[in-house]
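Below, chain A partners chain B and then partners chain C, in two separate complexes.
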Partner chain A sequence: MTTSAPPDAAGRAVPHKERPETAGKSLPRRRSGGGEPRWAPYGFITPFFLLFLPFGAGSILLAVAMAFLSWPLGRAPSFAGVDNFRAVLFDPVFRTGMWNTLRMLVVFLMVLMPLAIFVAVAINQLSRRTVNVVQIVLFAPVTMSLIAVSVIFSLLYDDNVGLLNNLLRGMGLSGLPFLSSPDFAPWAIVAMRVWRVLGYYAIMLYAGLQSIPDELYEAAAIDGAGWWSRLWHITLPMLQPVTLFVLVAASVASWEVFAEPNVLTDGGPARSTYTAVMYIFETSFGKFNLGRGAAASVLLAIAIISTTLIVSRLLRSRHQ
Partner chain B sequence: MIPLSLPGRLATWAFVGLVTLICALPLYWLILSSIKPVELLAQVSLIPQQVTLQNYAEAFASPVPRWLFNTVLIAVLTTALGLAVATLAAFGFARYRFRGKTVLFALVIASLAIPEYASVLPTFAIMRELGLLNTYAAVVLPMAANALVLFLLRQYFTQLPAELFDAARIDGASEIRVFWSVALPLVRPGLGAAGLILFLSSWNAYLLPLVMMSRTEEFTIPVGLAFLHSQLNTGYMEISPWGAVTAGTVLSIMPLIICLMLMQRHFVAGLTAGAVKS
Partner chain C sequence: MTTSAMSLNRRRLLALAGAASGAAILAGMPLPARAQGSGKLTVWVFDQTTSTKLKEGFPLAYPGYELEIVQMPAADLIQRLVIALQGGQGLPDVVQILTRETGALFATGQFMDMTAELEPLRANFPEGILLDNEGELITFIQGPGNMGFWVNRAALETHGLAIDPEGTWADVVAVARELKEKSGGKSHVFIQPPGANGFLMFNGYFNARGGNWWDASGNLVADAELAADTLQFFVDLKTEGLSYDTVWSAPNYWDLIKDNTIVGYTMNYAVGSTNLKRNVPDQSGQWQLVTWPRWNAGEPQRTGNFGGHVYAALRNAPNPQGAKDVVMWWLSEAGIKAQFETVGTLAYAPARDVVDLNIPDPYFGGQTVLSDLISVPFPQFYYQHWTETTSALTNAVDQALSGAKTAREAIDEALAELRAI
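Now for the complex of A and B:
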């Protein structure tokens, strides 16, 4: 621990309590304006917490509290018990939203994870200079807003002006209803989401790959292990902490899908791309029922936390 | 890594080439669409047959410039305020021992798990009570308190040698002076990465400004583009706004793409910061 008041910090190896005298007194004239070391840390952290307490930590408590209130927008809130939770749980639209979000999440992860690992392994074979060039292109999609990405993909998916359909028609095939059929729309959105984050997660995994010692691979190669065998027995287990992080981050982000279907399909066709956050948004700001919206967000938060726990449990046991 | 055989190397190059192409093509198609006449939007050709700036003229005649202005202002304010409060707090957490430190820091880390949508609702309620709806403050204040930025900066401050600070203190420097003149210049790379996180997340924010801003002229560029895009098929506007949408989108992504090219290292450090902590 080097994190201590000035006197103690001098000797890192020496436990700070053994040299309080010299330290405490060697500190020259303390000025009131400069802040006494005892109060200084609070002075440093206060501005952050002035913003963080209401909007960061406080807001989640308020969200839970709001879930137990009946609070139609513009009127005074009143206590509602578990009415909001009951109403949300029995609302078929909420269930549709949760189900759609979940199935899009599962497919998203199943497509994204193997692809991202393969891309990471592949760029790991390239020279550092090449990686630096490739990196810019791989990173570009994740710097764009979800809205910009949605606009780009509507230029690809659109029934009339979309590039993909015009390509298909140009080849004498019939176009596909990428966004206008309930069978296609959710997966078209999943494909777009994979496109946006593939390079980003691949770079993260690539950073993880670089910390795997070369000797492991050399030893395995001497033992006659092939490429697949090395991938399965060395790369994947060694990469596990980063994989876990990517998996958790990607699944949390996937539970929160909102902007893309909001722009591209408005939750349609036939509610096939209607997501959980769209329900929260519609209930709170469309139907002006903040209490019910908060109850739905608490339920979604529970789903997110459960997924995180399940994912980390599964991955840990696999490599025990 | 074990060097690959020739077929293996060729396969690697082909795969990376393909992935890079897939990442780049949609972006190229957007830029291409923004410089060709709207009537030719459906034309399949990778080389523009006819180049026009008409779409950009349309974008500039629409509220797009106003939205860009709002976004720049919000992003700059968020980055400045966010960096200021997080740097101070990171220094406090990294260099001092004080009562309540562990609990407070755990609170910050725990908040990383709070999904954005869950805090938007109560933040909306707070802002309405404060009468701040439809103001920049309603978007800037919540986004400036960024736990990831605090976490990242604390890492940088923790790595500085303690002797440095003691020397400054022995010379009679005040705590704030130690922070400003000794510590801050040494964590400059961290400030770059942290600033990029703040700038990127506020530039691209959608849900928060969507909820807080109800008047068209106060929209940020993502909210505005989503609004314009929603007008595409309604026939509500006289002319199809495709031109303004494509040109506006290009204008909205260019600043960050340019940043990415100029400051690649900060970008990688900032955006992969999350993985490092695991």
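Now for the complex of A and C:
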């Protein structure tokens, strides 16, 4: 990237090979004897690949292969063509799971992103000492066990004795069926997920804010730009790479949501919180149909990759 | 002591052992522990209480085996079993699984045919306890979940009410209505759990009326009318405000019992008796077990099935004889005592000669709760396609209770989904 190279006296970017401080001097040679050996970088990344190839890439390939097999428990597998994919795609329960996951994902991102950016910008206004404390507090929920958090929220949301409904009744309002109504349960789960990861993503965005040069804000201030204008024309565009990462990471995590609905609602009421991963788990380890479970996994992976590409494309085109 | 005297004693001893074996066979019990088995034996379990008894008792009966018990959560056990079966290696000899899991697992044909061992004992088991697949007997339910109706008699008496032990569900509903009126809507003799637990409770009633979703071969045989009528009963309880929305695993469940919000509920022995006594000791002497009201007067009394677990041997167990010995050990005298001390309920006739099930329980006003509960059997029930069944019927129960569909529409939709499997 030419932009990363330091400018010369005339302000032109100079490729690293021609930097004045190194011109005419021979670059340090990679030695085979002392110093950093030529194979050192490969040595450092080898442990990753030793684990990734069998357990990462190998598992993915196995899952894809299994999706094309009929493999009854304890018996020999046989080639099934696209039968598993057809069965999954025509299964209304799978479609319900995908639809629920997608709608919860969209609402989750729509709530999470503005809130996370707002919190990151707010942290950025604080003094360094305060920031350290606030960061710890914000980060705490994501360090808590997901199951423990889900159990706590099931108590908060309880129809009869939950804190939220007691507060509502205390204000003279009627309680809400947070987890017992198909109209409320998906959004109660989304709210819990936002609460849990908000600080985590806000801190990532805050780190992104730190990398924006102060000069840009100073120049904008000289030009008379207000707070909102600086946010819209400097902060958000400069934050775009981190925003993209947060969006992708949050959407992948949303496609894979399982533990929260499993603990809070078991996919109910009336399948309103039943997700794609719950379908995969049930199919594989409840119905013992590993081929069909693998086919559903492949379809989910396609959905995740598609979402990632769409989000990247949208943000990049906006940037350009 | 002379040699001849010793020989005589040995002979006498052998004769006594032979007579004891013959008596045991006549009594329908398996032979006492035989010590000829040997080799390593692996048993995967999810529950500590029964497996501890197995670990202590089995080696005394079969010292030749090297028994290894591997404990893990129930869901992990199933995943590990699936992987072992699929990979064809690392199989245990015996696994402990929930009764609800048996339908789909046994249908894979990967469990040992124990017909030769269990068929001679068939007469000793009430209906619904022996489990089979394609005509092969596999195992028997331990801690069978005979449903009972547990009632706070003293709390009802304060309102001048009582449940007739010989009455019908219609009679109970009449009492529930009066209770609602007299307690100002505070007290309830029914609970309505959410989700899959709600379905399991509904299923208990359905099973008590002879209902089955599947037959032994996995064919859909559900009587839609019976199912819809039973579901309508649940819907009416909720609509009338006679049931309280909660579940026995809710953190405040026992508080609701302590403050008389809940003064009755249908449940198996483990929660209905053991957990009640543990969590609400102050109400000792106040409670009553109504074994299970009839749907219509004059019908034979039958209850519904609510769980239990089994120990089942794998067809490809590394130590097949050892696997059979583990399963059958539970029917030996030591095994019966172990079941009695852990799960309490025993649905095996010779158990009455080993343990006393007729123990008056002061918590229940001196009722012989164990024998009373077991005396009402549940009709044979088939757990085929149970994951799909739970999913479809839980959805049906949810839809009917929320009013989104009528009970009949919800059942018809669920059965259409099951028909498409």
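Definition applied: the second predicted complex is superposed on the first by the 269 of 320 C-alpha atoms of A that agree within 3 Å, B and C clash if a C-alpha of one lies under 4 Å from a C-alpha of the other, contacts with A are read in each partner's own complex, and residues count from 1 in each chain.
Simple rule for what comes next: a contact is a pair of C-beta atoms (placed from the backbone, for glycine too) under 8 Å apart; a residue touches a chain by one contact, two chains touch by 3 or more.
Note that the structure is predicted; figures quoted are calculated from it, not measured.
**Q** Return first, second, both or neither, reflecting whether A:284 touches chain B, chain C, both chains, or no partner chain.
**A** both
**Q** If we overlay the two complexes on their shared chain A, which of chain B and chain C does A:92 touch? Say first, second, both or neither.
**A** second
**Q** After superposition on the shared chain, which partner residues are touched by A:182: those of chain B (first), chain C (second), both, or neither?
**A** Only chain C is touched by A:182; chain B is not.
**Q** Applying the document's definition of touch, where does A:232 land relative to chain B and chain C: first, second, both, or neither?
**A** A:232 contacts neither chain B nor chain C.
**Q** Identify the partner contact of A:258: answer first if only chain B is touched, second if only chain C is, both if each is, neither if none is.
**A** Only chain B is touched by A:258; chain C is not.
**Q** Is A:52 contacted by the first partner chain B, the second partner chain C, both or neither?
**A** After superposing on A, A:52 lies in contact with chain B but is clear of chain C.
**Q** Return first, second, both or neither, reflecting whether A:155 touches chain B, chain C, both chains, or no partner chain.
**A** Both partners, chain B and chain C.
**Q** Between chain B and chain C, pick out the one touching the greater number of residues of chain A.
**A** B
**Q** Based on the superposed arrangement, let me know which partner A:268 touches: chain B (first), chain C (second), both, or neither?
**A** second
**Q** Identify the overlap between the chain B-contacting and the chain C-contacting residues of chain A.
**A** Shared contact residues on chain A: 155, 160-161, 266, 284-285, 290.
**Q** Could you please specify the touching residues of chain A with respect to chain C in the complex?
**A** Going through chain A, the ones touching chain C are 71-74, 92-93, 155, 158-161, 179-182, 265-271, 282, 284-288, 290.
**Q** So in the complex, the part of chain A that touches chain B is made up of which residues?
**A** Interface residues on chain A, with respect to chain B: 1-6, 8-10, 12, 26-29, 31, 33-35, 37-38, 40-45, 47-52, 54-60, 62-63, 66, 118-119, 122-126, 132, 134-148, 150-156, 160-163, 166-167, 170, 195, 198-200, 202-204, 207-208, 214, 217-218, 221, 227, 230, 241-242, 244-246, 249, 252, 255-256, 258-259, 262-263, 266, 277, 280-281, 284-285, 290, 293-294, 297-298, 300-301, 304-305, 308.
**Q** For a test of understanding, state which residues of chain C touch chain A in their complex under the given definition.
**A** 75, 78-79, 82, 85-86, 88, 104-105, 108-110, 194-196, 245-246, 250-252, 315-316, 385-388, 391, 394-395, 398-399, 402, 404, 417
**Q** Applying the document's contact rule, which stretches of chain B touch chain A when the two form their complex?
**A** Residue positions touching the partner: 1-2, 4, 8-9, 12, 15-16, 19-20, 22-24, 26-27, 29-30, 33, 41-44, 81, 84-86, 88-89, 91-98, 101, 104, 107-108, 110-111, 113-119, 121-126, 141-142, 144-145, 147, 150, 158, 161-163, 165-166, 169-170, 172-177, 179, 200, 203-207, 211, 221-223, 225-226, 229-230, 232, 242, 245-246, 249, 252-253, 256-257, 259-261, 264, 267-268, 271-272, 274-275, 278.
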